[in-house]
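Okay, got some structures for you below.
Note that chain A is present in both complexes that follow, paired respectively with chain B and with chain C.
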Partner chain A sequence: MQSRKIEQRFRIIRMLVAVVIALTIAFGFVCFVSKTPFETMGNFLFGPFLTVRRLGNIVEMTIPLLFTGVSVSIMYSCNQINMASEGGFFLGGVAAAYIAVTFALPYGIHPLLCIIGGGFAGALVCGIPAVLYVKKGVLPVVSSLMMNYVSLYLGLLIINYVIRDAQAGYPCSYQYRDTAILPDLFSKTNVHAGLLIAVMVLILGYLYLYKSQWGYCIRMIGKNPNFAKYSGMNVAGTILGCQLVGGFVAGMGGAVEQLGMYGRFQYQALSNHGFDGVLIAILSHYNPKFVAPAALFLAYIRVGADIMARSSDVPVEIVYIIQAIIIIFVAAERFLEGWKHREIVKASRLELEIKGE
Partner chain B sequence: MNMVLQSIFSAEFVYSILRMATPLILAAMAALLTKKAGVMCIAFESIMLFAALGGVVGSAFMHSALLGVLSGIFCGVIVAFIFAYFVLILNANTVLTGLALNTLGSGGTVFALYVICGDKGTSTSLSSLTVPNVSIPLVEKIPLLGSIVSGHNIMTYAALLSVILVYIFINKTALGLRIRSIGENPQAAESVGIKVVRTRFIAIVLAGVLASMGGVYMSMGYLPFFTRDMVAGRGFMAIAAQNLGGGMVVPTMLSAILFGAAEALPNVMQSLRLPAETMQMLPYIVTITALFFVGGTHKGEGKRHKK
Partner chain C sequence: MVNNEYILSMENITKVYSNGFVANKNVNFSVKKGEIHALVGENGAGKSTLMKILFGHEQPEEGKIFYKGEEIHIANPLAALDYGIGMVHQHFMLVPSLTVAENMVLGMEPKKGVLFDYKTAVERTREISEKYNLLVDPEAKVEDLPVGFKQKVEILKVLFRGVEVLILDEPTAVLTPQETKELFTELLNLKKNGYTVIFISHKLNEIKEICDRLTVLRNGKVTGIADVSDITEQEISNKMVGRNVMLNIEKEKAKPGSSVLQVKHLSYTDMHGKQVVKDISFSVRKGEILGVAGVEGNGQREISEMITGLLSGQTGEILVDGKALSGASIRDIRLSGVAHISEDRMTYGSVGDASIEENMISERYYKKEFNRNGLLDFKRIKECVNQLIQNYGIKCDNKDAQVRTLSGGNIQKVVVAREFSSNPKVIIANQPTRGIDVGASEFIRKKLVSLRDEGVGVLLISADLTEVIETSDSIIVMNNGEIAAYFEDASKVDETILGEYMLGLKRQSKEEAGGAYYAE
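For the complex of A and B:
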């Protein structure tokens, strides 16, 4: 028990060290680029907390990340490196846009249908790599990345040829009908009702992965597929099922983001939410319980970088550098391993001494 | 339709296939090397991006295309080195490390581009040099064949040469044999005294050199400048090509050429007036379909233990 506790503590310490290293390296870059590095870094770290509007920005940015974070957590829990949540998020948004533009439906039902439609689009995108894996043994890493490009161009095809508003002056869809828009929750910010849906998804995702039989099967397959198989679990079916569920959540996220934040579909490239979801899932150790703090953290550094980019000449892309460094250090299993090992040895010695008395 | 068929069966089309396939062939050879060493490396996207930027910046500041190519390869190899260090020494998950490096690639190159040229889109403000095209004497005189084979970028010939070199390296040298045995069974290889970590390190760095050449070609041959995210998934398509090739050199090259053809096709089909998006989708759909029919080199969980 002791050593497991230490393991857990070290997981958190390693994460914090990773964040500190990433921020230090980022500071190095800032020093290199900016003439007033301390002020710039101050803007980056403390800027997001200064006004209500900026705090609102953090929450707005967190909402889609909650969806993709839960989505990736579900998909990765059974050890499937499926990156299609990026494409699922995008195509989910497109599907929602199509429904929001085309059909006339009453308030309440309209956004619901948009979100469900988006969910099915996402499930389709994430399901195809899973089918390829289960039927043909194709590793999902490559096929899902190809799916991302397919869903990007398929989505753009729909936006630019089916529901394009030719009068808008730039490539985008028609305006969403008023009935489909998710209302804002607080004044002064754009925090929309999608937050409530996101929290619901978070709770359901946790219950699904950690408190249900399906979740147990998924995690067992992720840890040891052979054991799962010989104890009679339906491995192929479970893998396919949880990729579909994960894709559905990603697609829902895309739909909610569209209906909550935009009046028309404006993306002309992938939005990167799916890849952010991967970072969040890694930080939260594939547990939806920790997805919220991880998503808030990512949104916070995003908003910070945005403020920094506006007030200085440091480009906003510095966030990706920070993100990459965090992932790589969290993934590095042997990083700080010696320290952890010594701690475990010390703890077990202590335990032995107590027993010896 | 007739016009399309005519242009498909023309020398220019075959020429453009080779032009498109050059980075794919180089990166696919890199993917093959890492695959043989038993490492799942998906960081080629980032290696190629950094190499592409390094090549442009190097050639602009040192006023030499050759030095540009070398500095591009240097940048790419550094990324490969980081990958190898984290995966082999710090025992990081290969896919997550690759993913992190790819994030670093698309963000870091734009960051560097902005710092160097003050532009986040392209490097056109730098007067960078390109790798020249060469025509092969005598061969260029042969009708049809001459216009297909001759007049390519030097990097294209380097790509074709790399196929031969990789074939010889893997199948005929002692180091190649060691790499293959590690990929087959690392424990067995270690038990006869092969240093697994060191050999894998060498394989990844060599793969980094090959992939970097593909990246350099993107910004110094295919286009004369760097644009953000210009690799556009070619690093991943190369892995798919290696999958399709089943870990063999010549089939891997052929699949890379197939994907090159899928990328060259849109230019020919323009006269059909199809939406641009359908054409842009084509290479990726071809990849997925091909993966579906050939299947993975890694068998699914259900099949692995049947014997």
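For the complex of A and C:
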């Protein structure tokens, strides 16, 4: 009982210590680069909270990360290193763009169809590496990275040749029909209705992974596939199923991002949302419950870095250093292990004393 | 006291493992130069520990080792090799993707400047291979070689390092009869060249065939040292198996009903082409515990895994309650009433990183009673799991404790609680009490007997003879993938009798052994 509590507490402590260390190192860099390090750091840390628009920026940036974070959490819980969320997010956006441009549908139904279409595109992208793994033993870490390129160029093919707006001065699709656009929720910001969908996905993702029989299977297979097989679970089917679900969520994210933030499809490269999803999933221990804070945090330091870059002489790259340091410390399982071990020993001793042994 | 007749002697070796298990107690073991010396004993008798000490894998608590008249200390395997003591492990330690020559010189590669000189490696491998008449192609990839050749490579590798004393750990366990024959010629050849061989085995006919002297271990103690020519196989068998402890399981005589599990003409050939199960037939009847005795590796594991669906590709038929299982999924097999205690509780039986609760619902989570509104009904699950924890006396903080934090006995109780409460008609219990404490073992055996009394059929596979005899109602003995004997009344046999059949000294006629099968 005790040791479990201590382990949980240490997860949080480890995360906080990692953040503090990362920020300290970042400050070191800032001192090195900037003539006004304190002001710059202030802009970075507190800038995002100063105006409603900036707060809005954080939320806008969080929305797609919630989708990819949940997507990767689902796929990784089954111990499948599937990186195709990136391609799934991109192709999901393309599919949504196609539907948003091509079909004339009423309000309400149009975005819904776009998002579902995006979901199917994402499921396809993430499903192919899973099929290859289950049928042929191809490790998804390789095939999924390749899938990302397939998705990128397939998507660009559609954007640049099928729905390209030749009148625009740059490569992009036609404008989305008004019926497809997700409306903004608050004035002064671009926070759009996709937030509600993201929160729904977050809740459903949690119920799916931690409260349903499918999630139970996914997690057991992720921890010990032999045990799952011995118990009579359908190991291959579950692996395939959860990659499809994960891909669907990533594709939905791509669709929502397009319909909420853009008027036409403008990406000409992968957007990196899928890889950010990996990062968030690791920070949140593959639990959708913790995806929201992880995504908010990531969005916050990105917005802070943006403000810092605009208002001072420090480039935005600093934020990637901070990110990397945090991930290294959080991923380092044995970081602070000695301290944790001593705490557990102390607790067990105390428990023995209480029992009078 | 140093006797020059012996090239190697170990005196008063005592080894206690950190979990308190005493593997060797005052063991004396001596080998003469140029002999093939057999080290004999049941599983867990302490043979492997003794050889690990000799090869530097383990350090003894007490005792001395003399080699060529001088006391030596063997800190690690490299030191052992330096002294000239080499070991060929039962599981080959070769790099499959490299060639024979590359494996041979691993760690002492010939060099040309800074580059690896592959040509010389091949040359030297060929030389040594011809010198000892152990012919292998130096440029073949190890993964492409059959098992017998892999073993040759292992032996050559040891010889290549200038070894004079060779330890072979159950070398014939993985070999086909032809390969075994070949190995023996090679060993006799080595002996002729003045090498000393320590041959670990429990196959008495093989020992009789090629060994000069033998040392028998039982329960970590030496029970006999003799010249092979002076001792009968019968006597060796008696020294190997003996009653260790009385279990005294109180049970009434079984009242077996109709057959609930029928195995007909079951055969299985493994990936190396070795037939490990040969046309066996038997039945487990309702309200009966059928014990399976045998030295490990004689087909018992395969039988249990074929019945439970983990292994496929067999020929023959398996019926549960009269229904054929061929092609059924593991879930179907479980649904038809088969429960399975796997011999490997950490690989198959449990998930160390999951909670007791998650471990206990793995075969029933999908059932209606544990689901509500499309989600798992954690209230019901909690009730069920807490009930099991209480009924099976599992020592833990609560149902959320990680299984890996429990003791071996409690982990096994988690497995057993899940399997026994799955409403089984047949229980396949493979080594249900291996490596766990006395209390938990006794508990599990008693549970098996009480389930039997409720009409469940039990197939009890165990390497612990005492357990088999005292828990079972009837017994079959496995030897070399076949049923060597069937005893309808387990109370009429003892370790000595079983030992003779287990070790292949005796064999019942087809008709007698066929008594294990009941059509009804």
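FYI, the second predicted complex is superposed on the first by the 356 of 357 C-alpha atoms of A that agree within 3 Å, B and C clash if a C-alpha of one lies under 4 Å from a C-alpha of the other, contacts with A are read in each partner's own complex, and residues count from 1 in each chain.
Quick note on the criterion: contacts are C-beta pairs under 8 Å (C-beta built on N, C-alpha and C of every residue); 3 or more make two chains touch, one makes a residue touch a chain.
Here the structure is a predicted model, which means the values were calculated and not measured.
Annotation for chain A, partner touching more residues between chain B and chain C: B.
Within the superposed three-chain model, A:T24 lies out of touch with both chain B and chain C [touch as defined at top]. Judged by the touch definition given at the top, the superposed model places A:L156 against chain B, while chain C stays out of reach.
Contacts of A:V33 after superposition on the shared chain: chain B is touched, whereas chain C is not. When both complexes are overlaid on chain A, the residue A:Y216 reaches chain C alone and has no touch with chain B.
Once the two complexes are overlaid on the shared chain, A:Q8 sits clear of chain B and of chain C alike.
Of the two partner chains placed by the overlay, neither chain B nor chain C lies in contact with A:T51. In the superposed model, A:K229 makes contact with both chain B and chain C.
In the superposition on chain A, contact of A:A324 is made with chain B only, not with chain C.
Counting contacts as defined above, chain A residues 226, 229 meet chain B in one complex and chain C in the other.
Here chain A touches chain C in the complex through residues 1-4, 207, 211-213, 216-217, 219-220, 223-224, 226-234, going by the rule given at the top. Within the complex, the chain C residues that touch chain A are 308, 310, 329-331, 333-334, 340, 342, 347-354, 358, 361-363, 365-366, 371, 374-376, 378, 397-398, 400-402, 405. Touching chain B in their complex are the following residues of chain A: 29, 32-33, 81, 83, 128, 132-139, 141-143, 145-147, 149-150, 153-154, 156-157, 160-161, 221, 225-226, 229, 235-236, 239, 275, 278-279, 282, 315, 317-321, 323-325, 327-328, 331-335.
Partner chain A is touched in their complex by these residues of chain B: 40, 42, 82, 86, 89-93, 95-97, 99-101, 103-104, 106-108, 110-111, 114-115, 120, 233, 236-237, 239-240, 243, 275, 277-278, 280-281, 284-285, 287-288, 291-292, 295-303, 305.
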